[in-house]
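Labels for the chains are A, B, C, D, E and F, by order of writing; each one numbers its residues from 1.
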Amino acid sequence: MTSIATPAPETDRRARGEAALAEITGASGQAVVDSLRGIAPELADWILDFSYGDVFSRPGLDYCTRELATVAALTAMGNAQPQLKVHIGGALNVGCKPEAIVDVILQMAVYAGFPSALNGVAAAREVFSARGIGPSDSAKG
Amino acid sequence: MTSIATPAPETDRRARGEAALAEITGASGQAVVDSLRGIAPELADWILDFSYGDVFSRPGLDYCTRELATVAALTAMGNAQPQLKVHIGGALNVGCKPEAIVDVILQMAVYAGFPSALNGVAAAREVFSARGIGPSDSAKG
Amino acid sequence: MTSIATPAPETDRRARGEAALAEITGASGQAVVDSLRGIAPELADWILDFSYGDVFSRPGLDYCTRELATVAALTAMGNAQPQLKVHIGGALNVGCKPEAIVDVILQMAVYAGFPSALNGVAAAREVFSARGIGPSDSAKG
Amino acid sequence: MTSIATPAPETDRRARGEAALAEITGASGQAVVDSLRGIAPELADWILDFSYGDVFSRPGLDYCTRELATVAALTAMGNAQPQLKVHIGGALNVGCKPEAIVDVILQMAVYAGFPSALNGVAAAREVFSARGIGPSDSAKG
Amino acid sequence: MTSIATPAPETDRRARGEAALAEITGASGQAVVDSLRGIAPELADWILDFSYGDVFSRPGLDYCTRELATVAALTAMGNAQPQLKVHIGGALNVGCKPEAIVDVILQMAVYAGFPSALNGVAAAREVFSARGIGPSDSAKG
Amino acid sequence: MTSIATPAPETDRRARGEAALAEITGASGQAVVDSLRGIAPELADWILDFSYGDVFSRPGLDYCTRELATVAALTAMGNAQPQLKVHIGGALNVGCKPEAIVDVILQMAVYAGFPSALNGVAAAREVFSARGIGPSDSAKG
């Protein structure tokens, strides 16, 4: 495993992480990172270097699939609404279709119950509405 | 099992579900269902047909026991306050006494911890207050 | 509130708790309490005095409704299988019908998802089987 | 919304659900359904008709993306190991690559913590091993 | 075990609990207890007698370590923000340093994921800000 | 913040992480890391570099306090028994007293409910027993 013999330099992790954060979350992720600088700067570092530089930058999965998996998990957990909204927006940013995001949220009714799905849809409605994405873009009833 | 050989027609599920939803949640459940029509109409369908038409309409348990079980679960999970309020109201609608609802919430202190019970009581206070149910109706200290 | 002005003596809490524990859980609850004496005797005290002496002994709800609420919560939480089995047995001990227990577990599919309901049914099957309760007693398909 | 005006007949839901269950979970899902027939036949019906017939059969997402979302959610929740294993196997059945499954599980370290990811990897190792999928198929360190 | 042979009288539990509640939570815990008197007076009793009189008053751990453990658990659970804020304040009241509180919250990124840590930091920022504790007191980046 | 301007080289993170892992978890943590090399080598890297090299190695808290916070969180979450056992052992390795570990677990009865505390005590009993730590070392009833 070369990752152990010759680990990537820190500077590469930071650059990869900043690029991934910008592409996925746009301004909202950077605002979260900036807000941490006063009280918990290490958490800001870890988000950039570890979450985005190490994990999200791995080549095995495209960003849309990664964001749909994140939306699924946060909807199911149901205790992280601010982050769920960031990643619903992130899914849109990386090209996921609105109806695919809603589909993943609805599927959580099966695995985590209807309240999780309902609160996930409420988050999606808020994010979609702020971007001018209407019902005809996300629902095909 | 006749339910497999001769499943109930869809129209029966919908009618049963709409009747159960109306009896249990009154206007608040219908408002939730209506709000879904724009963004996730299938979720509205599933709530009516599956949650209320299939599950809640089963004859084995009376509605008050079902609602107390729901209040217990949502209090314990602690991540679905909007739905908890709907079902505290639903418990009142189907004839549960206010003190029985509070008793079930308090019991969750044992199984899910005091924060869950405290947040459950806060939800009950809000629902009771909106209906003019006072302390003398729910507490017997 | 007289409970504050003149609290019940400790000896009453213990006696009430022991009686409730015996009635609800039979030998299995006592075995749990006994097993704690070596490593965490205070936890054994609290189960007797607080959980059963204070909470379960309150007069507002009958034991079967309390046990169904507990089964609902533990099924929904999904991280306490040993305790779920104790309380499925407890529900039987206090006179709940097997099909009512199954009904409450199935209802959790709506609120906590199908995996919770499936694992709850697996716990019920194990408890029912150990007591010689067959499908014809719990299922009415 | 035509799904309300002219709902699909029950027989279609069942046929769709059985086909989806077979394609996704192979023998393991059918075994779960069969095991429910004695104790909770309605739950078996709901899995077929609702989970697979209504939800998984929606056309918006391909099966591999749906299974990866399910693996993400069950890994994050951490309280449904039997179902996680079924859906890791399901992801393989519908053509997800082993390394994509592992990638989604690893990503949960960010959203639900390292214990969830570790227990998810343990589940994957067990499923992969039973199918003769070796490290060289899933890891590219 | 003398605690069983000669349990502490109720009046001692209450006095111990009131003293611990006052020392740890100051006015905020008392406000919670008072607000319960109308709707659920028993829950107020249990908080005083059991949570603070029995559990927190045990001599084995100092209050700061107890509060850090509580902050860790509530951050990880992620579904009890009001209680998390009370105990971040409680940790300060019993002499924990602001940076120790932040350190425990950050550590939860490893065990419960980054969203839990982020929401924990948001709670800490709010409590610190209300007390005039600035970044230079809690961060040492 | 110098951590941003001049990040620590990767080799330092790895060395710090390996030292911390060895001191805290002894052989058990290394066994977990080794077992990941075949299926998910990146997760092994992240545990060493991020969890132990970045987070646990921060100077703000002593290892015993960190391990007690971890034991509190994993007991409360209740869905990570293997990791809970590793960290109960880790708490012993870094010098926490057995009764302090039990005290933190018991305190979780208040915040996450009695089932969490009971399952935490069961984990502690198993770890203590394997190390020949008897009741007289952990209980002072």
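In this section, contacts are C-beta pairs under 8 Å (C-beta built on N, C-alpha and C of every residue); 3 or more make two chains touch, one makes a residue touch a chain.
Quantities reported herein were computed from a predicted structural model and do not represent experimental measurements.
Where chain E touches chain F, the two copies mostly use the same residue numbers: shared numbers make up over half of all numbers in play. Compared with chain B, the chain whose C-alpha mean position is the greatest distance off is F. Listed candidates were C-E, B-E or B-F; the one reproducing the D-F interface, defined as more than half of contact pairs identical by residue number, is B-E. Measuring from the averaged C-alpha position of chain C to that of chain F gives a distance of 31 Å. With centres taken as mean Cα positions, chain C sits 40 Å from chain A. Look at where the CA atoms of chain B average out and do the same for chain C: the two points lie 22 Å apart.
Touching of two or more other chains is recorded for residues 1, 3-4, 37, 41-42, 46, 50-51, 55, 58, 74, 76-80, 83, 102, 106, 108-112, 114-116, 141 of chain A. Taken in their complex, chain B has these residues touching chain C: 1-4, 50-51, 55-56, 58, 60-61, 65-66, 68-77, 80, 83, 99-100, 102-104, 106-112, 140-141.
Note for the complex: chain E touches chain B at residues 32, 36-43, 46-47, 51, 74, 77-80, 82-83.
Interface residues of chain C, counted against chain E in their complex, comprise 1, 3-4, 7-11, 14, 37, 41-42, 45-46, 49-50, 54-55, 58.
Across the complex, chain D meets chain E through its residues 76, 108-116. The touching residues of chain A, when paired with chain B in their complex, are 77-79, 102, 105-106, 109, 114-119, 121-122, 124-125, 128, 134-135, 138-139, 141.
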